[in-house]
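Chain nomenclature is as follows: A, B, C and D, assigned in order of appearance, with residue numbering initiated at 1 for each chain independently.
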Amino acid sequence: MELDKSKYKHKETLRVRNFQVDSQGIVHNAVYLEFCEIGRVEYVRNLGIQLLPTGIFNDGVKINVKRNEINYESPAVVDDLLDVYTRISYIKNSSFCFEHLILHHETGKLLVTQKSVQVNLNHDTNRPARLPDNLRKIITDFEGDNVEVLE
Amino acid sequence: MELDKSKYKHKETLRVRNFQVDSQGIVHNAVYLEFCEIGRVEYVRNLGIQLLPTGIFNDGVKINVKRNEINYESPAVVDDLLDVYTRISYIKNSSFCFEHLILHHETGKLLVTQKSVQVNLNHDTNRPARLPDNLRKIITDFEGDNVEVLE
Amino acid sequence: MELDKSKYKHKETLRVRNFQVDSQGIVHNAVYLEFCEIGRVEYVRNLGIQLLPTGIFNDGVKINVKRNEINYESPAVVDDLLDVYTRISYIKNSSFCFEHLILHHETGKLLVTQKSVQVNLNHDTNRPARLPDNLRKIITDFEGDNVEVLE
Amino acid sequence: MELDKSKYKHKETLRVRNFQVDSQGIVHNAVYLEFCEIGRVEYVRNLGIQLLPTGIFNDGVKINVKRNEINYESPAVVDDLLDVYTRISYIKNSSFCFEHLILHHETGKLLVTQKSVQVNLNHDTNRPARLPDNLRKIITDFEGDNVEVLE
């Protein structure tokens, strides 16, 4: 897990809302997965790729989340501004991995670290399929040496 | 709005969860619309109608919510058990109206009253279409004198 | 309900997220209440009032939603940008009313109209209490002739 | 990760709701963390421990989620019934680990495996504190040989 935020080339700033906290008054553990997903969607929008109403990206790629890992380092409360940092750490044959740091916007305190493995699915069979070469190129052009290509 | 719970022939009991409260520690105002929807889905399941993965019912009917009205009488907190009462109060040509009471299960205290106008949509045009006769019959058979037929 | 968007002095633009749609692929009816609440919180932030971690505003005012009315005119889908317009239409002794229009950002199409009655609560008793004069002044200064003062 | 469901002594059955699916029509990845939390709350209720409105359990223990790991094996859709299996796999000094399997109720197909590390917090300092002996005893009495005590 990359903890150096300078290795993350994308940042999205979000506000914690009243309906995102739990009975302890802190952001509910599941909500951070929503925050990370917002980070991912904005990361790929920045690369020119957009989510369609069908849940498939406009380059024809259908992605599902295969695995999430998330560590809660410090809690956030309602109305906090959070910085969601997003990077792609590796690309394999049909899968790739997003990493996120979530920091408190004003204090810079680390709140959450997250890894999310995504898999490319064939539209018809819903089985894993090789990530298209154009998507590989877009990602490696953007991430440069920060992304490992493992296949 | 019918306040006499004996006029409601369907009841669904739900538990308030940790992620459904807000920063004041009470159930968030939007979440009660989810509770009412659960009441509606279970009400129609009791009539032999089931929601399909496409969001359309298994009798071919596609329903959208047209209007919600909700009054918050008293708050609920995490782990409370709630009784969601559901009835259909009227049927028009293409629309019909659900009414709900939400009561605290243990104390019987009234927490919420809700009205929800539903409209039947033509699958192709997404425009309002007359409610099928078989659905009308199922509803009027179940509700009896409690439902007004207005057309 | 005021349908003329020029009467709304506050606008907040939001993106529809993947977890906010339902099985028909359209924004779930309850989620619009979250969107309207975001509009309200940003409206009052613009007036210099901020939500604290306790769910109480930093001017000491504790507000609860008393009633919501919402009409669904047209559906939104994932990744749509929405404009949430917010105004305060009237102030009574202990309560006041927000009105919202939600429009599709690109097309300007009207998606939702919403009214939300808020009540000021005494912190200790949780019973309705007169809205403080300073809050009345801030609102009437901002809204001008657009707000009715009814008491 | 324990994949043998006979090692899980607690099962909670849940219905997938319309507002829990995403734009692909499948349960959103974050929602499974809510399902697992419901499993945990019902697991501890079965041991005689209840969540209070403050988000603290009625035996005085304040628990926060420290880490979640979740693998998505197969998707669920709206109206599916899911079986959430819950066990505690280990207890350390101040932390312990829940494991969950989520299976499709009718087909028995494995949908999700999940691990969740919980930490006991001192109420005043919010720093990790040793799990009370009575809680340790309740857990080890229930789980028997299935739980590892590591301290």
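The definition used in the following text is that contacts are C-beta pairs under 8 Å (C-beta built on N, C-alpha and C of every residue); 3 or more make two chains touch, one makes a residue touch a chain.
What you see is a predicted model, and the numbers here were worked out from it, not measured in a lab.
Enquirer: Would you say A-C or A-D is joined by more C-beta pairs in contact?
Expert: By number of C-beta pairs in contact, A-D is the larger.
Enquirer: With centres defined as the mean of C-alpha atoms, identify the chain lying farthest from chain B.
Expert: A
Enquirer: Can you give the whole-Å distance between the Cα centres of chain A and chain B?
Expert: 36
Enquirer: Hey, how far is the Cα centre of chain A from the one of chain D, in Å?
Expert: 24
Enquirer: If you average the CA atoms of chain A and of chain C, how many Å lie between those two points?
Expert: So the centre of chain A lies 30 Å away from the centre of chain C.
Enquirer: Where in chain D do residues touch two or more other chains at once?
Expert: Those would be 18-19, 22-23, 25, 30-31, 34, 37, 51, 53-55, 77-78.
Enquirer: Help me check something: in the complex, which residues belonging to chain B touch chain A?
Expert: Interface residues on chain B, with respect to chain A: 18-19, 21-23, 25, 28, 30-31, 77-78.
Enquirer: Can you tell me which positions in chain C touch chain A when the two form their complex?
Expert: Residue positions touching the partner: 17-19, 25, 34, 37-38, 41, 50-55, 77-79.
Enquirer: For a test of understanding, state which residues of chain D touch chain A in their complex under the given definition.
Expert: 22-26, 29-31, 33-34, 37, 51, 53-56, 62, 64-72, 75
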